[in-house]
Amino acid sequence: VTSGTGGRRVDAFSDGVFAIAMTLLVVELPFEHVAPGRLGHALVDHWAGFAAYAVSFLTIGIAWMHHHAVFSQIRNIDRPLAVLNLLLLMSIAFLPFTTDLLGDYIDEPDDAVVATVVFAGSWTFATIWMTAIWTYACRHELLDPDVSERGAERLQRYLRATVVAYAVFTLVALVSPIACLALFSVAAVFFLWRSDHRALEREVVE
Amino acid sequence: VTSGTGGRRVDAFSDGVFAIAMTLLVVELPFEHVAPGRLGHALVDHWAGFAAYAVSFLTIGIAWMHHHAVFSQIRNIDRPLAVLNLLLLMSIAFLPFTTDLLGDYIDEPDDAVVATVVFAGSWTFATIWMTAIWTYACRHELLDPDVSERGAERLQRYLRATVVAYAVFTLVALVSPIACLALFSVAAVFFLWRSDHRALEREVVE
Amino acid sequence: VTSGTGGRRVDAFSDGVFAIAMTLLVVELPFEHVAPGRLGHALVDHWAGFAAYAVSFLTIGIAWMHHHAVFSQIRNIDRPLAVLNLLLLMSIAFLPFTTDLLGDYIDEPDDAVVATVVFAGSWTFATIWMTAIWTYACRHELLDPDVSERGAERLQRYLRATVVAYAVFTLVALVSPIACLALFSVAAVFFLWRSDHRALEREVVE
Amino acid sequence: VTSGTGGRRVDAFSDGVFAIAMTLLVVELPFEHVAPGRLGHALVDHWAGFAAYAVSFLTIGIAWMHHHAVFSQIRNIDRPLAVLNLLLLMSIAFLPFTTDLLGDYIDEPDDAVVATVVFAGSWTFATIWMTAIWTYACRHELLDPDVSERGAERLQRYLRATVVAYAVFTLVALVSPIACLALFSVAAVFFLWRSDHRALEREVVE
């Protein structure tokens, strides 16, 4: 795994996994054939599945933007970095499963906590791998030469903040699954609305 | 998210979501194992599922061409534009679900209206995001410098016309689901046959 | 849809549909949980599903090579060509469904003919679209300037031969489904073994 | 299939199959809706499915890195090489099925041996195709001119070692399925940890 073509192949491969994971979410949407005349009610009753779909889709989309921001500032991809990326992709590819679990069990009082902890925990792992990638790239001088030290530190603080946030959301899930899901939604909306985070922009050395 | 490599990564990622959504349509085709000697009849009885498959495949294909026409004329992709694109992709990735719903319920009198409204409504949302992308890109001067103002306006009128058309189709679905599906088919055939729409061609400034 | 980047985006999008259709074949492999100690027998009994999987995978792979050979010699992709490509991709994306049907019904005497005719007929349609693409590109002068007239004619004869072959296989299916499947296998092996077909190589004008 | 753009299209297509196969693993994860309050236990009971998922994901990821290492050193892709690559991709695309089988049957005493032999045997085939690709490319002078003979031989020894290792794992499966799965896990961890294998790095001729 080298720079140039090599790096672009890692990008293309990662894009594939992100795109497929996002699109597979809908396949996992559980929806049985309903009795005649009940479709409208069934769709409304199924709100949890659709909410989980939307939250997961947007959150994976945001993770893809983070991935993009991270890798567009990395010039050389060595093998350990490719391994870290593989572990990140494993977390991402697992999300259709945890999203399905969440939609299935969020309105069942006895199992909602387990399903939500699994969902939020998977996200926490994914953000840990993303942060590890950036930390490794910074320490081993794999960044593009025109990335400033200040820009690199700002992105690192930003990524660490996402790890802390998602870990807190996981703890909240132990108390209230609905509150955890609401926090993920708020985080997604906040990110999408405040989508000009300076941390995600490349800062050129003067 | 910047121009150059960045822009191309957004293209590749979007292509992935479009291609996967189109190919997943067939996985959602509901088809149970039939009693011996009944396969021919079962396939014929299942006309609605196949019709929904063909209409959705071609309509997503046409949306991909619109996406292509829009993004090939955009030079710089900033973060809000990437967010709008993510919302568009969320609508597209949802279509295998709504198509499955349509094929399942179109010949059930009590639920056909709900299924068709959901299907047509999803398409209306998708075209709204597509139009928003182009409007945003025009207003924030993200277009390629060689795109003429006239060409940009023509594409905008064209995209707005698709929004209006799909919104009308959704209203028609409230009265007659079959008529709505027929309108989508006619729109697809019209587009594919009159596939030299000038609005979709790039017009170079003289 | 223009040349350059545009053409490459059509390539990438088509590659996506081919790759997904091939990989989805395995998802459609029907296989229920068996009674304890029966797994070995169940796998052997299921020979038809695996044979259909292998034949379809290799035949889609061969179609991808044809697609590659055709599009690598086309310089400009206009909108009608993109529409023809979309119709080709619709046939390809439908193959996981017909392959599943074939594996499911080939050993059921009453339905084997219907399943095999649907399978072989889909392939015939796919080859018709592929041939239409090349014919259109030749007539509208969209080829690379360094493709010789002789090379173009040879590829056209070759593609027409595949249409005729697959149409004959479809007729054979009316009489003997097993013979039809055997012919597809032989055709795949023949192609893979005689994989240096001159028709698929680009012939440069002197 | 020629060098340049052609070669890159083979890369993109292969990346697609690898990425989809990895992401489909999770769709095949069998998981029924459980009785209220049993979700936690059900997830723990289902350890074999999750272990099979993780081992398969990482092993396909490692195979992708091998594929990357092999193809980044090949300059020209002729048709027989494309056919060998197709056979490799067929083995890779089959892995979601064998992984599902493994997770389903590993804790059923009567069928664990069959499921594990099928799983390990598929992997052995995949490594055989990978080795055949490199051997063919070396013999037919399709390598990049700056790849040294010593580097080429080292990669060949390395790839042959993986074939031998996976064949041995398959034999172990006949005696102890769990031992076979453990060996695959150890091999994956070993590879990921010792991820600076010189055999996988390109050695430039001086």
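Chains here go by letter, A, B, C and D, matching the order in which they are written, and residues are numbered from 1 within each.
The rule we apply is simple: a contact is a pair of C-beta atoms (placed from the backbone, for glycine too) under 8 Å apart; a residue touches a chain by one contact, two chains touch by 3 or more.
For clarity, every value in this text was computed on a predicted model and none was experimentally measured.
Asker: With over half of the numbers shared counting as same, classify the chain A/chain D interface as same or different.
Answerer: Homomeric contact, different residues on each side for the most part.
Asker: Distance between chain B and chain D based on Cα centroids, please, to the nearest Å.
Answerer: Taking the mean C-alpha position of each chain, the two centres sit 36 Å apart.
Asker: What whole-number Å value describes the gap between the mean CA coordinates of chain B and chain C?
Answerer: About 26 Å, centre to centre.
Asker: List, in ascending order, every residue of chain B touching at least 2 other chains.
Answerer: Only 12, 16, 20, 24, 27 qualify.
Asker: Is the way these chains touch best called a line, a ring, a star, complete, or other?
Answerer: ring
Asker: Which chain pairs here would you call touching?
Answerer: Pairs flagged as touching, ordered by label: A-B, A-D, B-C, C-D.
Asker: So in the complex, the part of chain D that touches chain A is made up of which residues?
Answerer: Residues of chain D touching chain A: 8, 11-12, 15-16, 18-20, 22-27, 29, 31, 33-34, 36-40, 43, 53-54, 57-58, 61, 64-65, 68-69, 72, 192, 195-197, 200-202.
Asker: Of all residues in chain C, which touch chain B in the complex?
Answerer: 1-2, 5-6, 9, 12-13, 16-17, 20-21, 24, 27-28, 78-80, 82-83, 86, 89-90, 93-94, 96-97, 101, 104-105, 108, 110-111, 114-115, 118
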